[in-house]
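Multiple structures follow.
Each of the next two complexes has chain A plus one other chain: chain B in the first, chain C in the second.
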Partner chain A sequence: MNAYVKACGETDFGTPQKVPEGTQSAGAGGLCMSGTPLRGQATAILEIDGVSVTVPAGTSLMRAAAEAGVMVPRLCATDSLEAFGSCRLCLVEIEGRRGFPASCTTPAEAGMKVRTQSPQLAKLRRNVMELYISDHPLDCLTCSANGNCELQTMAGVVGLRDVRYGMTGVNHFTDSVTDDSNPYFSFDPGKCIVCNRCVRACEEQQGTFALTISGRGFESRVAAGQSESFMNSECVSCGACVNVCPTATLMEKTVIDKGQAEHSVITTCAYCGVGCGFRAEMQGSDVVRMVPWKDGRANEGHACVKGRFAWGYATHPDRVTKPMIRAKITDPWCEVSWEEALRHTASEFRRIQAKHGRNSIGGIVSSRCTNEEGYLVQKLVRAAFGNNNVDTCARVCHSPTGYGLKQTLGESAGTQTFKSVEKSDVIVVIGANPSDGHPVFASRLKRRVREGAQLIVIDPREIDLVNSPHIKAAHHLKLKPGTNVAVLSAMAHVIVTEGLLDEDFIAERCEDKAFADWREFVVRPTNSPEALEGASGVPAAEVRGAARLYARAGNGAIYYGLGVTEHSQGSTAVIAIANLAMATGNVGREGVGVNPLRGQNNVQGSCDMGSFPHELPGYRHVSDTLTRELFERDWGVVIQPEPGLRIPNMLDAALDGSFLGLYCQGEDPAQSDPNTTHVTAALAAMECVVVQDLFLNETAKYAHVFLPGASFLEKDGTFTNAERRISRVRRVMTPLTGMADWEVTMALSKALGYEMHYAHPSEIMDEIGRLTPTFAGVNYEKLDAAGSLQWPCNDDAPEGTPTMHVGQFVRGKGRFLITQYVPTDEKITRRFPLLLTTGRVLSQYNVGAQTRRTANADFYGADLLEIHPHDAEERGIRDGDRVGVESRVGSTTLPVSITERVQPGVVYTTFHFPESGANVVTTDNSDWATNCPEYKVTAVQVSRLVGA
Partner chain B sequence: MENLPAIERTIEAIVAAKQSLPGALLPILHEIQDGLGYIPSESVPRIAKALNLSRAEVHGVITYYQHFRQIPPGRHVLRVCCAEACQAVGGEALAEHARLRLQGSDLTLEPVYCLGLCACGPALQIDETTLHARVTPQKFDALVDALEVDP
Partner chain C sequence: MKLDNLIKMANQIGAFFEAMPDRAQAVKDVAKHLMNTWDPRMREQLLASLGTEEEGKLKPLVRDALATLGRSESGR
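After this line comes the complex of A and B, so read on.
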């Protein structure tokens, strides 16, 4: 076997691929682009060991050799990191030059004649290896890296037979203590060869800079933080260091426990909307470890603490594996067979419909399940329930994105690939906290900022991107919660009144009348930064500076999250973002765009699959007769032409007594939806609540039927991430329950008398492609060959569409819309003087159903309320105190963290733990267009608990 | 620990005064060590934040240079030259003698690599103020005796 091809079949080329210069961003006037390494435009033809090879000039000799099929021994080089030149194993000879240059750091030049093997090189390499091994333990047979150790492999490659210095080097392993503080990996400095890969991965790939080399010479040691434990250091446990370690120094504890994998399967992470590709390394049906997939286009070999390590929930003892039913929610659960559970559900649903009408039941599509499963649930509702009462959790997160982007640009999705950020000159992050919520994308973004791109952060809170190692935002617009529209309109005002519009772009690509109306609107003095300063709390000069910087960027890109959408003016803010992008010509090429950072692994997909009550798959309105007829013919049913109920409408109707049955797949509204008291009252009012989930979640407390779900490891399908990328999810173990979720939906449909016939999810995708123009070119065969595809993928774009709106907008002409700032009704009063806003942390995921059941709880074990020192002092609150938080709808208690990250008057918390009840206090205010709840603004009072 | 606030004030003032210098890290570290005799670990987060660095990076620099101390020094610091020229004329033996002589002492012994007295080693520096040439164990003891009697 070739020693350079890992067990998984991936080749390590040693140094990163060089991109020819012509494809780099042109750069912006006056912006610092010096951080970008210059790559020669030309190619170089050279000869390596007699083989002629052509590479972009600037490519390392090591990589050029690898591309010619010649592998040069190396230890410190790996192709995910820039060359470092420290191990001295990759020396080569170049004809006409003296000495033995390191091939990893020597650029290929035209006409070079390189020799990678000679008696002298062999001797040198063996000598170098001797020095390494004199200082490395020889416990190979019992070492956890055995079978996958680059040091061992290189010792073999160079033919090491003897170590003249003895093999009892004292420097590294006699005094070393293994650091087991991290729950997922251990650090054994005794095995370290100080190749610096881990330090460089932490810097280059992850961008955290948590590792260093302490000391010098023989005293050089890899150190976390200030030579402390990994857990106490700045480490965020992304696993990049573990991934690149060539020895067993940094090793996954699961590998130490179980040994090396014997096979692996490529699949897609089931946490956030980044949608990282992973290689599930397996022993039989046991996962040994999840390794980020180098060819996964969303992540390119990087990962975060959730996807990389927090997969143990899949086999957690809390998993329910048998269906259960009960007559009343106060009764104990009773385990039954699948047949009985489904028969019972079907008969209850039909009973309710017979008594209360066809529209008295509905379903919720999960954004955590696959596209195929989402498609089936909406099909079940439309075809078997016979109504359009289907909705998804995007209702409570990015529904304003769907609406706002459709209205302005013509498509309900982000415009770019994640990789696009590598060509941005100015990056605006608004209402998003990527380093916690979308960490793998944040690493890309931070890398671009380190290369010289400028960053503008618009957020009420000082998120990590404002100021962290090697990252400093040029502007932080620290606005009051609920005033995004004021700030965005003010930025538009500056762009128009200061002559910063891209007039050519607008004239060519946007609707004249709509633009003229918008222009007339934004130039009004009431939209100036000065006029809106009082409302937003952002100094006018900061707004002007940020607007100028963005407008003058060669490539300006906007990334936004739920801090934009989850507001009473969520849709307006999305529209305002699209307006800014159109006004400055920042749409339709790489490096620019409007980029929603979607929350869940498949929230883009669940929306695409027609899980909204008003839209069939592909965002086509149910009132459109032609579309309806298309589905009616294929499904053999009549589809209702009127939109069905949204989740909030379902809940209201439940309290009215007109909505009594709910099929809720993979969602937990009782914890995740606002105003918990209202949600639970509605659920309690229903006659048949069916919950399909991995665990007995909060909603299951109100359920009459529990159908056990299958994790992403147990099924085939696809997820669609925030960049519209459809990636395969592959089954690595059989479902613990016996059935994958799509099979359960099919069986339920059958029990309801509407049979569906699919032998495999690929057949569901074939149907989706047949009925949905944007997916026409998507099928499993093509996905398997391409790795992933970005929709639209059809005859017009057979390989998919990485960048949208190139040349023209999907809707034809881009449409500017007026964005009048209207303050939210949720105002501070004497009784509720603080504004509560919510977010999430890196280690926990949403309602925490999965992450709480992993060692991620070691990183963040309880929700905290962040409060500014002034507000804390005024209330006599000390750090760590438990305080009462009360809004007009409810109250809860939380431990306090006093910090200047939040501004005075604003408090902040997360909603990962059910006992915290963050959503007990959030209200049912919602977006005017889509009913997306206003999670981000709740007027509250915080007070010391009596006796605390 | 009574003087911790004073130390914090010193660090704060040094960081504030120097943070906008190009390449501010080394000047800040030098000034803190000059002012306090060492670089307290508590100063690292403050320096890192001000310079947009990680704690690990600052720590890496501090530990890389022999010059920087992480613990307070004794009453006086004695540096014995361990570079090649001094080694050739008994520097190592002097260093070993010094190590034994100063065990339990409140004086600090540090190696140094060249004091520029290569022609007349072994060389010794006391408190970065005085240099001594051709230092023998006897001469070393006399110097130490004087330091111990007369602070």
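After this line comes the complex of A and C, so read on.
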């Protein structure tokens, strides 16, 4: 049993840790016993129970005691929340001072002599506990918190033996009704001690402010929303309240059903690009609950409804666990052994290559799978298939990020840690909806805004961040879809023409000639906010205001998502963002930077692993002879020096008969890629489509071989999140199929005649490190010791690189590039007068294969089309109507939600449900540099269905 | 692959680079982009359009880039 696999039970330090500036807490988990945060830079030396302890000034006495190894009893304090001082259990004595101050709210001072135990303190604590217990049910043996109840523990700690007021308190438990409305947790007010932890967690950690204490004194009650059920309130089911509840008041239903876990394993979430660390709490190989890991650097103990609760898909009855084959896609599936499935696949692939040439087959690497699995698939393609026809689903999301940031800054990755936002003064969010897409990061961001940072939102739609509890964007540039580059160039125009450039930074850090060219370009009157107002729809004054605010920020940070990349000018927009950051000197330190919010858990990693058809691992071009030779020596094969086909090119080539075999691991192009009719026609034209997935997805309808996949709970490996953080994924249950995905790829390679030899994914990572300079210092031993590592991690940066481009850009000098606005070809006409744009909701995830198979469907059970009241009225559409949506390539129907979130002329939908056919209408128009599809701009007509 | 689609994609690349002040460099950059990111069969099909009626659909910058590519590809 190592530090990441342990018996359950944690220490709570009581108050948060005060971390001296420039340092981060470290460690490999375990029970938090400190209770409150550490604070500040200066230190104080004091004595607690005779033990000398040195802590940052401002640290609570409770925390200081914990640092000295002394646990002070408490109920309302927990180290993930600011001290509150309500339970009065943590009283201490301070020499020379009167009274019994609460240790959670009393700051440590130099020279203090503190006693945490004395007869008087014991008596006081026992009295307090008596009052709590007098109004708390004593069904401890049958209570779901039994074995993990802080109230019970503290009653034991203070030595409670008698309750003078009786045990029939009539307040909380005699008239309480349990709220079971939330599918994942239950709220039993009868067990509530009104410690306020849940309310504070909702405010401080999550930032939703859904909970409050209603009533006063003895009538105090935790209330969701306006005393509604949790399900009907603003609660977003992040689980923070459940996590901090010291009793069984808020409890996971899985714990109620199964009981407490007996061991836990630290692993990494497989949903979005935040990459939260989780403690999988287990009973044998059965997951009891997923608890956010406090020492997970990406999330620091927070979670969202997906990672925290929506893991039940892993054992859903829809899981396919046996390999299947069929001769034609119209035939029924036939279950076969792994050996037969792999032999058949290899035989088919070799047959196709023999007939149509080496380049007639290829593979798709999944951004859902581990780094090691992605590495193996690209190795399979390059070494066993003998070509470079390998691509990743990052093609359809963040490929422009790779291109744009490589061209300007020199590395295809974001520049910061998520924690960096805590030092930002102005935060720009462009084409991203973090509250839904990256909720745990959104909570950090919102906290920073509540502390006073300014927020600029650039988005066609009024996302939650524009105006939510205690959050209001200083500027919302509500641009027309497809005009990011116009707005970003206009911002650059303002920064240059109003003298807001960071001239020293540019002179020292950037290429002179490139900057001069760019400067000459952006100052042109055609790039002024006034000139571009007509195209973008954003009032010039708003653009000017936003540009000034960002340029004068002090620390200005830009966060962006698929609303930037999924455009015909996606790469240009990424370049424009990098230009802005360089122009204002906002690169190379904490609090600033260019930060792509990656959609899937391992988008960054799959790109890093060489899954693009033109790049070997570490973003080195296949034409580079030295790099190729490095891999050729190690792999014992010849690698082709020319780029292979990208996913859209593979589909096009399938239709012209030159691409006929596809190995598709963990990806569902038939649902997720644009222009479904085109995609499915291409898949149907292939002779051997191999799908490896958890479920029979939409693409599997066109497959000849189905290889069952393993969930993240069933395998070892690593994911790399949006901040370049490599985190371990640890197996907590045996693969239901008998094989992890990396083992399947290895077996397929062997069947093709190219044998790979790995006994464990750690050996794959060793090979990656051996062949990839930015990963040279990464191995499992080091990952276990550090918890996680941010690449580059090598001799130059043995502990990894939290912030990139410090002092110098990776490419040497930063390179400004001209970003001419080129309107998309996808234009509105009289026939298609509205622009459709797409996004996702908090509770569902991408194509929904996982989340649709969990109770998250209770929150969002169907895709909706958002339409502005004006556009709805013009068409006679009422809220809830089912409407027809028609584009140049296809049509579908969707139920309507009428809302002013979208602007007139724009409609919006999600794409989580295959039956909604969102991608039936999106076109195969794509980014000029990378072929990333332009999901975000489709000209459509919306019509009321007759009889609707 | 559909030639029209390849021409459209190539012209999109041209549209980015034609904003650059140094045209000679822009020609090289278009050619480099095609070499670095396009599968050879796509390049060859586009190259084959030179001298045909389809050539007229190409932006001049792309045409010039393809001409340099044609020279280097034939020299392989």
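The definition used in the following text is that the second predicted complex is superposed on the first by the 915 of 948 C-alpha atoms of A that agree within 3 Å, B and C clash if a C-alpha of one lies under 4 Å from a C-alpha of the other, contacts with A are read in each partner's own complex, and residues count from 1 in each chain.
We adopt the following convention: contacts are C-beta pairs under 8 Å (C-beta built on N, C-alpha and C of every residue); 3 or more make two chains touch, one makes a residue touch a chain.
It should be emphasised that the depicted structure is a prediction, and the values quoted were computed from it without experimental measurement.
A.B. asks: Can A:Ala929 be said to touch chain B (first), chain C (second), both, or neither?
C.D. replies: The answer is second: A:Ala929 touches chain C but not chain B.
A.B. asks: Identify the partner contact of A:Pro643: answer first if only chain B is touched, second if only chain C is, both if each is, neither if none is.
C.D. replies: second
A.B. asks: Contacts for A:His621 in the overlay, against chain B (first) and chain C (second): which applies, first, second, both or neither?
C.D. replies: After superposition on chain A, A:His621 lies in contact with chain C alone.
A.B. asks: Have a look at where A:Ser227 lands relative to chain B and chain C in the superposition and call it first, second, both or neither.
C.D. replies: A:Ser227: touches chain B, not chain C.
A.B. asks: One more residue to check, A:Asn127. First (chain B), second (chain C), both or neither?
C.D. replies: A:Asn127: touches no partner chain.
A.B. asks: Touch test for A:Ala210: chain B only (first), chain C only (second), both, or neither?
C.D. replies: In the superposition, A:Ala210 touches chain B alone.
A.B. asks: On chain A, which partner touches more residues: chain B or chain C?
C.D. replies: C
A.B. asks: Could you look at A:Ile818 and tell me whether it touches chain B, chain C, both or neither (first, second, both, neither)?
C.D. replies: A:Ile818 sits against chain C, while chain B stays out of touch.
A.B. asks: Touch test for A:Ile471: chain B only (first), chain C only (second), both, or neither?
C.D. replies: first
A.B. asks: Inside the complex, what are the residues of chain C that reach chain A?
C.D. replies: Chain C residues touching chain A: 1-2, 5, 8-9, 12-13, 15-16, 18-21, 33, 35-42.
A.B. asks: Along chain B, where are the residues that touch chain A in the complex?
C.D. replies: Touching chain A from chain B are residues 41, 44, 48-49, 52-57, 59-60, 63-64.
A.B. asks: Please give the residue numbers of chain A that touch chain B in the complex, ascending.
C.D. replies: Touch list, chain A to chain B: 208-216, 223-227, 233-234, 467-472.
A.B. asks: Write out the stretch or stretches of chain A touching chain C in their complex.
C.D. replies: So the residues of chain A touching chain C come out as 359, 389, 517, 520-521, 568, 571-572, 613-614, 621, 623, 642-646, 649, 652-653, 655-656, 658, 818-820, 822, 825, 926, 928-931.
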